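In what follows, chain A forms one complex with chain B and a second complex with chain C.
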Partner chain A sequence: MNFVIAKKPANWKTKNAYIMISPGMLLLFVFLVVPCIYALYISFTEFKSGAFVFVGLNNFKILLKNKIFWVSLLNTFYYTIGVIIPSIVISLFIAMGLNRKGGYAATLRTIYFLPVAISEAIAAVIWQSVLNPDVGIANYILQLLHFPKIGWYADFNWAMPTLIMVSLWKNVGYYMIIFLAGLQTIPQEYYEAASIDGANWWQSFRNITIPLLRPSLFFVYITSIIFSFRIFTWIYVMTQGGPGYSTMVTVYYIYREGFQRSHFGLASAISTILLLILLVLIIFQMRQFRLFKTEEEFR
Partner chain B sequence: MRTRKINLIIIYALLTIGAVIILIPLIWMVSTALKTEAEIGAWPPTLIPRNPIWTNFAAGWKTQPFTRMLINTFIYCIGAVIIGGFFMALTGYVFAKFKFRGSNFMFIVAVATMMIPTQVIIIPMFLMMKNLNLLNTFFGIILPEVVNGFGIFLMRQFFLTVPDDIIEAARLDGCSEIRIFFKIILPVSRPAITTLIIFIVLYRWNDLIWPLINTTSNNMYTLPVGIASFQGVQYGIVWNNLMAVSTLVVIPLIILYLIFQKYLIRGIVLTQLK
Partner chain C sequence: MRGIIKIAVLVVIISMVMFIVVACAPKAPEATTTEEATTTEEAAVTTEEKPAEVVTLRLMMFPDNPPDEEMYKKMIDEYMAANPNIKIQMENVPWNTFQEKLKPQVIAGNPPDIARISSQWGTEYAEMGELADLSEFIDTGFVDQFQEGRWVTCLYQDKPFGVPETSIAIAMWYNKNLVDKAGVTLPKSVDDAWTWEEFYEAAKTVQSKGGAEYGFAIYKSFFPYLAWIYSGDGALLKDDLKTPAINDPNSVDAIKFLTDMHVSGVAPVSVAASGDADAAQKIFQAGKVGFYMSGVWLLATFNDAIKDFEFAATYLPHKEGEDPATNASGENLIVFEKSKYKKEAFEFIKWFTNKENSDKHLGAASLLSPRVDTNPAYEVRPDVLKVFAEQAAVLKIHWALETHVPAFPKLIAPLMDNMTLALTGKLNAQSAADNIADEVNTVMSE
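Up next is the complex of A and B:
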């Protein structure tokens, strides 16, 4: 048997690898990478009476002068930053609190994780009812606590914080699990040793938890950026980009220009610019991707 | 010691309040589903309906072809699981166990595609589906993103933990590579495959954009699209009907979640960078 294998050409394994990987990579390529390139092409055209006419950089010129476009970029960053920081802080707090055995902690973990199972569209509809400025229960609770009523998604200044809040509701449990997994890899002896040395809670948090939790922190950071750039469903259901343009984020703007106004060229130009921004971000993060690859080779 | 105990009580009080905030929308959903329209519009709102109207569930379900949408959602998820699940597992396996020219580069490209927001490709994808005559078909909804960086990454992370010895042993026995994958690898990867399936179903279940743009008739809608566009077809929103339908959809899912929680959590742990 060994003899037969030894006679196979040296690259037979590679050949097999190529054969096995090609259908998956082809599907990835055709339904993810090709559309990106296609979007680039469409962004140089205009859709006129059923045909694409080449217009050069015209769409980009229109966009750079378009105020809504710039507002949408600003809103995207507002939302992204508004989500990342509380995502990390709140879910880390929950994870540290619930990182112990016991029935009650397990019950709370289950509850925090529950929204992950609820479709975003349905969650958005439910929240729309909860936050209804006139008859929703959220304002009733505020009234019971002697706070003024809030317009939530119907208020120009509150709409974005409302979206941030509801997406935290949906995703905090997911991040909590990531942090819990990370926390469980930290040996308990480290904390014991630190407390013998007289370290207080904050010192052991800063010098043990944070450094050893770095992989989880990085993962939550990346995931929340990805989720943030994809925000669509909440806006589609709850605000449609309004009131005013207060929740008009770039990806919703693409949808509106493309599908509600059939401005395929302009919408694709927005996609192209967003992709370029993301490409810069990806290259910026590439070092981190490399980092975990080389670590893997050490194992 | 005493301050530690007090701290613990404060932390748990906060965590309990947080858990209540998580649950309020769900309780509110069930409550609204059972109310009359008059009670929904009343201030102050009631949490427990005065006269629960149980017929709201049947009435709400009939306002749209929701049964059809439920079936569509099933087909959509199963299709994505079969096509995506198989090829992502295979691709992840190759990335974990084979080194060949370009494997690093291809893997980085696959992982990098995770960063692409879906909406960036909705227009080209819609046009592609239109040219392929796949609008209003299941393939038109399933194929976009059917193989994605996340699933490949997840499976590769898992297959890295499978010892090389069992693969080598099978090779020495003269097993072909694809046979090794089917007969040796898949049987030992049941937990990872389960996790991958849950992630695909969750992704499709959360997804609104593909069924929204690639379908035009409500006979091809999925449940999320049907519920999200409820407001468009009605004069104003009939909240008790909408919430009744949401309840009917959400409650079975919560039960499923309680059953599969273990696998889901295991999967999330698996995706962590170590």
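Up next is the complex of A and C:
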């Protein structure tokens, strides 16, 4: 079974197809492409006394020497790596465990999916309260069990792991659903045949599940990279980029420079750089997953 | 069938284009009323020539507390009833997101007519040319109604762009149960206020004998941080309002003392490190803190939320040999230059801030008044408000001016970053102050 991206729709009427997608494309153009182009222009300006003044590459030069910018990039990668790998592993294994009919599987699937249904802002407020170092229930329980209190999001060392933990709680259910859908497309006969041939669980997983789940894996991988790079609400509610700069990520730094300090040009320059980094990452990953190959090349 | 689909798609495309064009079009100029205002006791705006067209004013505000919000609504209804041709649309935005909502509107050219802002935000908009010069509407003697320290925050290049509406001050809340249990005697007046050392001892006593988990906590904001620095005769800026004073010895001493209180465990490091600005308030409300340095706006909140212990307010400590100090500012009502109804907007503001209405509003909302003839009939804890009013009275003009420079909003983030690093012991006070000073120099040169 080959999973390829068709390079050209062979038997569609191309003109009709373009007409059909044009309303959506128009919306995308007006509300996405045009603002992006305008943001790119703003990245070459500085906001002074109510007007945008052209300053060329000055904002990018400032960023090269800006310590907080580099810290924010490092923190973004720290968070991304900390979230992606556990996201994929945990959600895949939960999906595999719940890929069955009857019993408690349906109830458990719902329970795992519930955090996805809560808005991120509300979830952040709830966790901020639960993990409050002084009056939160988490530390209350730890102290009842004779463990020391943890600073959670108010501790320099624990702040980023805390954010990773709450992000995993929020997102695992969503990725679980994606993997469940992928697992249900794998014919059971493959596993039965492998079992007859003497394959153990790990061999079946490695040689059947993983290859046939590749599109789902790719989707989860790419979306979790994008979501991780975009992290904002957790930081805004729980840490404000602190303590110190331990959770200062790039998107929050864009917000801070743009909205709090009116450095709109600098903020746009940072977002331009972030976009370029994301594009490079995604294109690289797409090549790794060999999704650019046509069916002929794949054979 | 294909033809029908094509027509349907074309209709959808045309509809969407029209929608986008209408949504993005600039606002059509509204008909202006021709009028000569005659001012009555209630400041009703009338027209002479023909029935006045309805003037709609957009008022964007943040409430200090629920009674404040209710009073706003009540008073707006009262004004509209007295002035049938004036419609006021109030937009209520929480304080912590207010600037994020207002600034994009201003830059996009669509500001409200009137905004209630914290006083340190106004000059940034004034420097951008976005605020109306209200000189033409202000009568002789109008300015004399307001405290000088509050009126100066409504000026840009000596031209008024707003009117002071409230005053807020920082003082010291305390948990009476814990303080009484510890046997600590409080100062009786602002002139009798503790020195830093006396306060430190009192806080430690409340912690050890009163049963408090922490003797002291400070609201995580530039507002009380600067108040503490002022209490040591320090400042953020020198008298020229451009050169940093934050790394001068007095300012550094203040930061160091505050840091010592945190690092020694008398004050919670977790609050200084937290991204939750209300962290200190939460542990005070939970009854775990003896003294809590924060502002008068919390009175109505504490009155509703605190049921397990008695709370009250006392005076801020100061460095030995220095004067008592506080940070006091407040909210101002400003009018935007792009408003088509500046006169009507000012008439509403003038009515809203007159003595009778100011006393009524601030009495119910438990807020201090910026007026010299103030006498609100406070419904809740007048004893507490008396302490805050006495504390506010020690304000020096320089402290009001330095948080009023147009660049001040850009200095808040680096100030908070470095204060966090200092109070958590990650950076010494001098280095933190030097970092802030560097940012001051950078921002002032922009």
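Basically, the second predicted complex is superposed on the first by the 248 of 299 C-alpha atoms of A that agree within 3 Å, B and C clash if a C-alpha of one lies under 4 Å from a C-alpha of the other, contacts with A are read in each partner's own complex, and residues count from 1 in each chain.
By definition in this document, a residue touches a chain if its C-beta (ideal position, glycine included) is under 8 Å from a C-beta of that chain, and two chains touch if they have at least 3 such contacts.
Since the structure is predicted, the reported quantities are computational estimates derived from the model, not experimental observations.
K.L.:
Given the superposition on chain A, which partner contacts more residues in chain A: chain B or chain C?
P.N.:
Partner with more touched residues of chain A: B.
K.L.:
With both complexes superposed on chain A, which partner does A:233 reach: first (chain B), second (chain C), both or neither?
P.N.:
A:233 contacts chain B only, not chain C.
K.L.:
Between chain B and chain C, whom does A:177 touch in the aligned arrangement: first, second, both, or neither?
P.N.:
first
K.L.:
Look at A:18 in the shared chain and tell me whether it touches chain B only, chain C only, both, or neither; answer first, second, both or neither.
P.N.:
A:18: touches chain B, not chain C.
K.L.:
Contact-wise, after the overlay, does A:116 reach chain B, chain C, both or neither (first, second, both, neither)?
P.N.:
first
K.L.:
Taking the superposition as given, does A:50 touch the first partner, chain B, the second, chain C, both, or neither?
P.N.:
second
K.L.:
Taking the superposition as given, does A:156 touch the first partner, chain B, the second, chain C, both, or neither?
P.N.:
So A:156 only meets chain C here.
K.L.:
Check the residue A:259 against both partner chains and state whether it touches chain B (first), chain C (second), both, or neither.
P.N.:
So A:259 meets both chain B and chain C here.
K.L.:
Looking at the overlay, what does A:187 touch: chain B (first), chain C (second), both, or neither?
P.N.:
In the superposition, A:187 contacts neither chain B nor chain C.
K.L.:
Could you say whether A:241 touches chain B, chain C, both of them, or neither, answering first, second, both or neither?
P.N.:
second
K.L.:
Once the two structures are fitted together, what part of chain A is touched by chain B and by chain C alike?
P.N.:
Comparing the two interfaces on chain A, one with chain B and one with chain C, the shared residues are 16, 19-20, 23, 27, 134-135, 237, 259.
K.L.:
Mind listing the chain C positions that touch chain A in their complex?
P.N.:
Counting only chain C, the residues touching chain A are 2, 5-6, 9-10, 12-13, 16-17, 20, 99-100, 103, 107, 124, 127-130, 213, 268, 270-276, 279, 282-283, 286, 288, 409-410, 412-413, 417, 420-421, 424, 426, 446.
K.L.:
Using the touch definition up top, name the residues of chain B that touch chain A in the complex.
P.N.:
11-12, 14-16, 18-19, 21-26, 28-29, 32, 40-45, 47, 83, 87-88, 90-91, 93-95, 98, 100-101, 103-104, 106, 108-128, 143-149, 152, 160, 171-174, 176-178, 181, 202, 205-206, 208-209, 212-213, 223-225, 227-228, 230, 239, 242-243, 246, 249-250, 253-254, 256-258, 261, 264-265, 268-269, 271-274
K.L.:
Which residues of chain A touch chain C in their complex?
P.N.:
16, 19-20, 22-23, 26-27, 30, 46-50, 128, 132-135, 151, 153-156, 235, 237-245, 247, 256, 259-263
K.L.:
Along chain A, where are the residues that touch chain B in the complex?
P.N.:
Touching chain B from chain A are residues 1-2, 4-5, 13-14, 16-21, 23-25, 27-28, 31-36, 38-39, 42, 94, 97-98, 104, 108, 110-127, 129-130, 134-137, 140, 143, 169, 173-174, 177-178, 181-182, 215-216, 218-219, 225-226, 229-230, 232-233, 236-237, 251-252, 254-255, 258-259, 264, 267-268, 271, 274-275, 278, 281-282, 286, 289, 292-293, 295-296.
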